[in-house]
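The structures come next, written out as structure tokens.
The two complexes that follow have chain A in common; it is paired with chain B in the first and with chain C in the second.
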Partner chain A sequence: MLEYKELKEGQVLEPLTKEPVTKVQLVQYAGASGDFNPLHTDDEFAKSIGMNGVIAHGMLVMGFLGEYVMKLAGTNAETTRFRMRFGAMTRPGDVITCSAVVKELYEEAGKKYVSLSLTAAKSSEETVGSGQAVLKFY
Partner chain B sequence: MVNLDQSIVGVSGEVFSFEVEKRHIRQFAHAIGDRNPLYTDQNYAENTFYGGLIAPPTFPVAISSEGGGLPLTLDERRMLHGEQEFIYYKPIRPGDRLSCQMKVTDLYEKEGKSGTMQFLVIDTEMKDEAGEMVVISRMNIVYRPLPR
Partner chain C sequence: MLEYKELKEGQVLEPLTKEPVTKVQLVQYAGASGDFNPLHTDDEFAKSIGMNGVIAHGMLVMGFLGEYVMKLAGTNAETTRFRMRFGAMTRPGDVITCSAVVKELYEEAGKKYVSLSLTAAKSSEETVGSGQAVLKFY
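What follows is the complex of A and B.
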């Protein structure tokens, strides 16, 4: 969990490595998110449109980054903004690591904020998502 | 190829209502593999500044998918979800009844390798029963030219 007074701009934060993505997880995520695009759950469909097989929902990867941001924020800070740009595709078996760098520390209306630059990448270092989150400290 | 024009900015979908269920939050967090007790452990969550259980930060995507969409004819083959953003005003909590509406908020162009690309910004505003904003879910959609 981050402590505001210990943060410095440019600081690299401890990363979070997720368990490998599984097909069962994609089915669970389809059900929980309501995104039933068969590209994420049906290998035959995915192959019929020229893919090697199913790919993960981009929003699942954003969910990994969200888990990471909330872990960093813990019970010291609240997330006020969170965005992600989608990169390379994630496939079952891929191991995603979330990492962050402290971009900016600032105060606004008497509250302390930190903005983080976020990256989600495969073990091949291919970026699957990059983004930013703003945390407000209490 | 017919491109989108500025008249679509401001087009909005019907207001829809969404009830946030504890079980749905748990399933959503479980699918991600996110074991943060703020989503599932009532006692733990009550003793934080949140004062109770909350939903994970990407949960609004499950809310947006319940909406009926926009009264527009868009070519899905040309649409690519390029970016997603959430702007949070209040945490989403189990028991919330959110009133939600999708709106086209921007359309802009950029030159790309395969010609002019259009970008469509679609917001889903989610408000509580008092009419106060809870979260805005902002999708940035790339509207690509189809390969010839």
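What follows is the complex of A and C.
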């Protein structure tokens, strides 16, 4: 959980490494999200459209980053902005690490804010998503 | 919807034929039921344990029979008993037909009942489940 007074611009925050993505997790995410595109759950279908097999829902990876941002904010701040751009595909077995760099610290209307540059990457350092979040401290 | 006065013991009721089972449906059923055993959603896993591929959750087939019984009961009766024994496995692509035979008509404490023998079968006539239901008429 971040403490505003301990942050510096350019600071690299402690990352969050998720357990390897599993096919069961993609089935669970299909149910949780309502996105039942078989590209995410049916290897045979995925191969029929030229993929090597199923790929994760992009929003699952955004969910990983969201979990990370929520942990950074903890009970000290609220998330006022959160966005992400997708990069490489995530496949079962991939280990995703979420990381963040402090981009800017600022005050507005008497409130303290931090903007973060976010990255979700495979262990191979291949980026699967990059984004931005703004936390407003209480 | 059944009308008590039109029923006879031994009568064969109008069947219900479901759309072919799909892999997406199994993913949906995993989410709806909370049964995420990959045997039902991951062909690769299913093959690794000696199957030809994924098989449907047995309870999905029971759900088909349940839907059938509910349609038979409609607003004329309530289901007071419903049970099923599983037979052959159901796979994606299988077309399941639910059928019923009137086993017994009886009255108890002034209420009219019908017991039904239920069958869920593949188009090949291979039985995937057999069961019994009792409807109590209003």
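As a convention for this text, the second predicted complex is superposed on the first by the 138 of 138 C-alpha atoms of A that agree within 3 Å, B and C clash if a C-alpha of one lies under 4 Å from a C-alpha of the other, contacts with A are read in each partner's own complex, and residues count from 1 in each chain.
Please note the rule applied: contacts are C-beta pairs under 8 Å (C-beta built on N, C-alpha and C of every residue); 3 or more make two chains touch, one makes a residue touch a chain.
Every value quoted in this text rests on a predicted model; they were computed, and no experiment measured them.
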* Asked: Given the touch rule stated above, what does A:Gly66 touch, chain B (first), chain C (second), both, or neither?
  -> first
* Tell me which partner A:Lys111 touches in the superposition: chain B (first), chain C (second), both or neither. => neither
* **chain B versus chain C, judged by how many residues of chain A each one touches** => B
* To do: Based on the superposed arrangement, let me know which partner A:Lys23 touches: chain B (first), chain C (second), both, or neither?
  => second
* Looking at the overlay, does A:Ala32 come into contact with chain B only (first), chain C only (second), both, or neither? -> both
* Mind working out whether A:Asp42 is in touch with chain B, chain C, both or neither, as first, second, both or neither? => second
* To do: Residue by residue on chain A, keep only those touching chain B in one complex and chain C in the other, then list them.
  => 28, 31-32
* Structure fact -> Per the touch rule above, chain C residues touching chain A in the complex are 23-24, 27-28, 30-32, 36, 38, 41-45
* Asked: For the complex, which residues does chain B have touching chain A?
  -> 24, 27-28, 30-34, 36, 38, 48-50, 56-58, 61-62, 65-66, 81-88, 91, 138
* Using the touch rule from the top, collect the residues of chain A that touch chain B in their complex. => 18-19, 25, 28-29, 31-35, 58-60, 62-64, 66-67, 69-71, 75, 78-86, 138
